[in-house]
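Here come two complexes built around chain A, the first alongside chain B, the second alongside chain C.
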Partner chain A sequence: MSHTPSAGTQPTVVEKVFDFVDERVGLKLLAAKMLNESVPGGSRWAYVFGSILLFIFIMQAVTGVLLMFYYVPTADHAYASTQYILHDVDYGWFLLSYHFWGSTAMVVCVFAHMSQVFLWGAYKKPRELIWLVGLLLFALVMGFGFTGYLLPWDQRAYWATTVGVEIMDKTPLIGDFLARLLKGGATPGQMTLSRFFVIHVMVLPAALIAFAGLHLFLFRCAGPGGPFRGTPVELKAKTDYFFPRQIWKDVVGMAVVFACICALAFWEPVVLLDEATPDPGDYHPEPEWYFLFLFQHLRLKMFSGEFGQFLGAIAFPSLLGALLVALPFIDRDSERNIFKRPIALTLWVMFMVSILIFTVSAIINREFLD
Partner chain B sequence: MQPQLKSKVRCTDREVGEVTKVIMDPLSFEVSHLVVSMNGAGERQVSMGSVQTVADDLVQLRSSSSEIMALPPFKRDDYVTLHEIEVPGLEKHVHVTPGEVLVPLPELERNVKRRKFFANLTYVMGLFIGLPLVYPVLKYLMKPMYAPFDNGWLKIGNVGKVKAEDTGTQFKFIHKVKEAYLPEAEIEKNVWVVKATPAVLEKVYQGKDLEFRDATGKTIWTNKKDMPYIAFSGKCPHLGCGYKWRKHKVLGPVFLCPCHVSIYDASGRVLEGPAPRPLDALPIQVSASGEVQIIDMEFKAGTKVQSRMV
Partner chain C sequence: MNDQISPTKLGFGILWPTFWTGLPIKLALAVLFLAFGIMHFETRIALAFLMLLASPVTVFALPTITMGLDSHIGEGAGIALLFLLAIPIDIWALGVAGRTFFLERLRREPPDGLGLTLWWKCALIGAIFLPILWVAESATTDAAISVAHTIFETGFLAGIPVPERISIELTIWGTVATGVLLVLLVIGFSLVGRAIRGMVRSARHAAENYEGLITRWDLMRVPGDQGLMLAALSGVAVLLSLLFWASLPVFTPHPHDCCTKPEVKAEPAFKPLETLNKDEKLITQLAARVELLVEQRAEAELEKEKSKKNGEAGKEEVKAPEATEPAPPAAVKP
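Now for the complex of A and B:
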C-alpha cells in the first residue's frame, strides 16, 4: 500500500517529485483515504453508475469546450457555425455527435442510478441528503438537455424550446415572468439563444460541479449502503476497498459507455434540420426522446383546457418531484430489501411502464402526423 | 473507558509490557484488540476478552504472562491505520490518545498480489479512452491553422499618389476574406509604396529579379529588378506592428516602427533597432495608366529568413 521504494534502489525522478509533493500536502494519506473506502459486501457491477456519470460529465465538458472553439451563440451564425463543425472541421461531426449521444447516455445512466438507489432503498436514513442532492443533480441534467437542445438553432431546436418555455409559462403567478426571464423577451430570439448558451456552458456546469462535489462528500460521510441482504458479519467477510476491485469495474463500465457513445456517434451522427424560423413548415415539433413521455401525456384528453393544461404541465410533474423529495421522509421503514417493500416496487414498475407507454405512443403518433 | 496507549499491561503474575497500538472493529466501533510490546520480545495481539480492568495507565489482564507470550506475533501487514481508510463514523468512537489506531484489513484485501496489475489495467483502460481522441481532437483544432494562400492581385490605387522619389507613401486597400462560416468580410490593410531611384533599387534587388513562389515551389510572379516601384508589406518584420514614414532627427526620412523603434531606410534595409531582416517587398505591377496591383502577402515576424504566413 505504501509507495516506499524497495531497498537498494535509488528513487526515480517520479518518486522524488511525488515525495516532494507528499511531504507538503500529504498526498499518500489523501490517496489512501480516497482509495481505501470500505465497500460493504464487496465491489459490484451494480455500483458503477455513479462513476460512469462522473465520466460522462467530464467527457461532455471536454467535447463541449471543443465545440465552443467554433460555435458562436448568435442567431445569425449559430446554425452556420454548427453546420461548419459538422461538415467542414475535421472530426467536428464526431465531437458534436459524441456530445449529443453523451447527453443521451447521461440521461439513461441517471435513470439507472436513481432506479438503483430507489430499489436498493439507499435513500433511507442516514442517506437522505445524498438523495436530495441527487434529485437536484437530476434536475440539472435535464436542464442541460433542455438548454443544449436550442444551441444548433435549427427547426428542431427552435420548436422544442418554444414548447418547453410555453409549458413553463403555465406555472401559476410566476409563469409569465419565468418564461420571459428565460426567453429574454416575449418570443424566442437572439436573447433566448444567449441566455440558453450561458446557462448551458456556465451556470449549469458550475452548479453541477458544486453539487456533484457535495453529493460525493455526503456519500463519503454516510458510506456506501451495501447490499440489502446479508448479516453484518456476512457483509464484513465480503467487504473490500474501493481500490482495486470497484475502481476496476468502474473503469470497465466507463470504457463500455465510451465505446457505446462512439458507436452511436458513428452510426447515427447528428444531422441538423433547416435553420430555425418561426414558420415550422412541414416539421412536426418534438422534444428530445427523454422528454417525449412528458410531451405525450399533454396530448391526453384530461389535460386539455386551461386548467387541464395546468394539471398536466405543472401540477402533475411538480407533484412527482415533490414526492421524490419527500420519499426518504415518508418511507421511514429501515427495511431496504426491495422484495419486502411491495409498495415501492409497484410504484417503480408503474412509473417505468408508464414512461415506456407514453414514449412508445409518442413514437407511434409520429406516423399519424405524417 | 478505552485502553490508553503506553499504558502498562499487567498479567496475573507480572507486568509484561505496554500498549503500543489499539485495534478497532469497523462494525461495532469498539476496541477489539490491544497490541502489547512484550518488553522487547516482539508484539502480541491481545483480545479485549482477556482484559479484566482498564485504568488510566494500567491494563489488567486475566491471563498469565506465559499465556500471552504463547500468542502468535502481531502481524502488522494485516492492518491499516485509521488515517488511511474511510469508515464513516468510526473516528467519533476513538478515545485513544495519542498514536496508532488500527483497523483490520478486510479478508479480501489481504495479500492482494494484483494491486499493481489492477492499477496498470486501469491506466490501460484510460489510454483506451484517451488515445483514440488525441488525433481527431488535434485535427479538429488544426482546421483553420493552415489556410491556403490567396495569390489574387488586388488594386490598391494609382502611382500618381507618389509625390517624390525614395519616399514612403501609404496605400490603403481592402482585402476580402471569407472566414469559416462567416460571410465574406472586408478587411482594411495597407502597404508602403516607394518610387526608387536606381541606387535604392539596387539595394532592394541586388541586381537580381525577385521571384515569388507558392507552397509547391511554382513561380507566381517575378518583380523585375529595373521596375522602379516597390511595395512593402505594412507589417514590421520585427514583431508585426504597423510602421510609418517619419523624419528622423539624425537619420533623415525613414520607415520607423513605433513599437520597438526598428528603423529602415527607403530600400527597407534595417538602419537601427531590433528588426532581424529588411522590410518585405511584395509582388507589384503597375499598368500603363499607373494603376498599382499587389499580391497581399504576410510573412512571419521576428525571423531572419522570410517565411510566408498569408
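Now for the complex of A and C:
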C-alpha cells in the first residue's frame, strides 16, 4: 500500500492527505507495524475469535446506542418504552433482537476464544498477562449479560435479577454490601434499574474498551503463539503476514457471525413477558441460558440449605475462577500440544460436558415445574 | 507425504474444511430467505444449521429424511431453493479444499474436475448413508431414553430428587446416543474416504519440495485479478444488504397482547372535483327546497290574512301545512 507518488505524476488528493497525516503521526510505520506482523505457521481459522469478539462488541455498541434513543430507564416507563421499540419504532424489533442475540454470540465467542487459548497452551510463558486480562474481559462480558437482562423490565428480567442478586448476597463479607449496592433497596425497583442501566451503558463499556486495549497491547508485545505442532520447516514455509491472509479470515468470520445473529433474530425475535411485578404468578424465575448450568447445579440436593447454596453458588465458582487465574503459574511445562497434555484435555472435556449436561437438564427441568 | 492415510482421515480431511469453506455464502442466502419469509424453522434451528453446514453430503439425504422418515427441519419453499443453490457452492468448496488437501497433505497433483467428482461421490454416499444414520440414531436414542426411565422407575431409585434424576438420566442416554453417533460418523467419513481413495492413488506425485508445494498452494488461493475480485465481492455485499433491508419487516412479526394495533380501515380516496360537483348539486337542491318552503309559508300567511278579513279570526285555528316542517336528514341526501 504505497502512497508515494510515482515519478513524473502528480500526487492525488488521497495521497496528499495520507502524506499530511503520515508526516505528523507516522501512519506508514503504524500501518506496517499493525499489518505486517508475521503469523507463525500461517493464518488460521482458529485465530479469528479475538477479532470476531471485537466486531460483536462494536455492533453491540452501535445497536445499544440506537436502542437508547428510545429506551427510558425508569421503572414506570422501561417496559412501555421497550414495547414501543418492538411495536412502533421502524425496525426496532430487529435492532433489539440483534442486540439480544449479539450478547449470546459474545458469550459463545468468549468461551470459544478461551477454549482455543487453553487448548493451544497460549496462556503459558510469556503470555500469562494476556490470559489474566482475558479472564477479566470474560467477567466483564458476563457482567454485560447480567445487567442488560434487567433493562426490559418484564417478569423474566425482574426475577432473573432477583435470583442473581440473591446468589451474590451469599458471598461472605462483601455479599450483603454488593447486593445492597446493586439493588439500592429491599426489592428491585427504580434504584436497581438506574444502577444496572448505568453499569450496562457506561461502566462496563468503558472498562471493556480499556481492558481490550490492554489485551491487544500485551498480545502485540508477546506476539502470536503459533500452532502447537509442526516441524520448524513446515512452520517456516507457512508463515505469512497478518495482512492480507489473517485479515481476510477475520472478515469472513465476522460475516458468518453477523449472518448467524441475523438468522437467530429472525428465528426467535425478542418477545417480552408481562410487566415486572413483585409477584411471580405462574412464572418460574430462571436466569439467561449461559447461567442455566449454575442455576440447575444449585437445584441439586447436595447444594440445598444455607451452606450448600454457599458452596454451589459462591465457593465452587470462586475456586474455579482462582484456578483459572493461577493456571499459567501452576502449569509451567513448556509443552503446548494438547494431545501431550492429557490432564488439561481431560479437565476441559469434563468441564464442557458438565456445562452441557446441566444446561440441558435445566431445560428439561422446566417440564416438571409447569 | 502420506500414501497410507486412513480412509476416515482422508474423508474427514476433505469434508471438514469443505463444510466451512462454503458456509459463509450459504449463510448469506439463508438470512436473505429468512428475511423474504420464504422459509421458517421452528425449534430445529441447530439441526437446520448442521444440515446446511454439511450440505455436500446432506443435499440428497434431506428430502429422504423429510419425506421418507417424516422428520422436517422447517417449512417453506426457501429450504429446497437454498439446498439447490448450495450445489454449485459445494462443488466450488470441494474443489478448493480437495486441491489443498492433495497438495499439502498428500503431496500429489490434484486431478482435473476434482470438485465435481468429489461432490457427486459425497452426495451419493450421503443420500444412502445419512437416512440409515438417522434411523439408527433415532432408534438408539429412543431406546436409551426409555431404558433410563425404566431404571428410575424401579423401587430402589424412586426416592431420588427430580434434578438429580434428570441429570443422571440425561447422562445415561446422552452417552449412549453420542457414542453411537460418533461411531456412525466415523463409518460415514470412512465411506467417503474409500470412495476418494482411488483418485488419490491414480494422482501423480508432485515434483516440488514442501516449500514449493506450499507456495503453489498459497498462490492457488489468490485470485488472478484481485481488484476485480474485491469489486465483485463489494458489489454482491451491497446488493445483498439492499435486498435484506428491503425485505426486512418494519414491525415485529410477533406482537405482544398489550400492543396489538387496532385495525384501521382505509378511508376512501378524496376526489376534489367529484366532491365539489356533489356539494354543488346538494346546495342547488337545498336552495330549491328553501325557496319552496318560503313560498308555502307566504301562501299560508296570505290565507291567514284572508280568513281574518272574512271575520272568522279567532274561531278557527289555522294549522300550518305539513310541508313547512323540516325534512328528515335522509331526505336531503342527494
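Here, the second predicted complex is superposed on the first by the 360 of 370 C-alpha atoms of A that agree within 3 Å, B and C clash if a C-alpha of one lies under 4 Å from a C-alpha of the other, contacts with A are read in each partner's own complex, and residues count from 1 in each chain.
In this section, a residue touches a chain if its C-beta (ideal position, glycine included) is under 8 Å from a C-beta of that chain, and two chains touch if they have at least 3 such contacts.
Quick caveat, the model's predicted, so the values are computed rather than measured.
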| item | value |
| --- | --- |
| Which of chain B and chain C A:260 touches, first, second, both or neither | second |
| Touching partner for A:88 - first (chain B), second (chain C), both, neither | both |
| Touching partner for A:38 - first (chain B), second (chain C), both, neither | first |
| Partner chain(s) touched by A:348 [first = chain B, second = chain C, both, neither] | neither |
| Touched partner set for A:29, first chain B, second chain C, both or neither | first |
| Partner chain in contact with A:237 - chain B first, chain C second, else both or neither | both |
| Partner chain(s) touched by A:360 [first = chain B, second = chain C, both, neither] | second |
| Partner chain in contact with A:252 - chain B first, chain C second, else both or neither | both |
| On chain A, positions contacted by chain B and by chain C | 83, 88, 90-92, 94, 233, 237-238, 240, 252, 255, 262 |
| Chain B-facing residues of chain A, complex | 1, 29, 32-34, 36-38, 42, 66, 69-70, 77, 80-81, 83-84, 88-92, 94-95, 220-223, 232-233, 236-241, 243-245, 247-248, 251-252, 254-255, 258, 262 |
| Complex contact set, residues of chain C against chain A | 20, 23-24, 27-28, 30-31, 34-35, 41, 45, 161-164, 166-167, 170-171, 174, 210-211, 214-215, 218, 244, 248-256, 258-259, 261 |
| Of chain B, residues touching chain A in the complex | 26-27, 80, 83-89, 106-109, 112, 114-115, 118-119, 121-122, 125-126, 128-129, 132, 136-137, 139-143, 180-182 |
| Sites on chain A touched by chain C in the complex | 45, 83, 86-88, 90-94, 233-234, 237-238, 240, 252, 255-256, 259-260, 262-264, 266-269, 271-272, 274, 296, 299-301, 357-358, 360-361, 364-365, 368 |
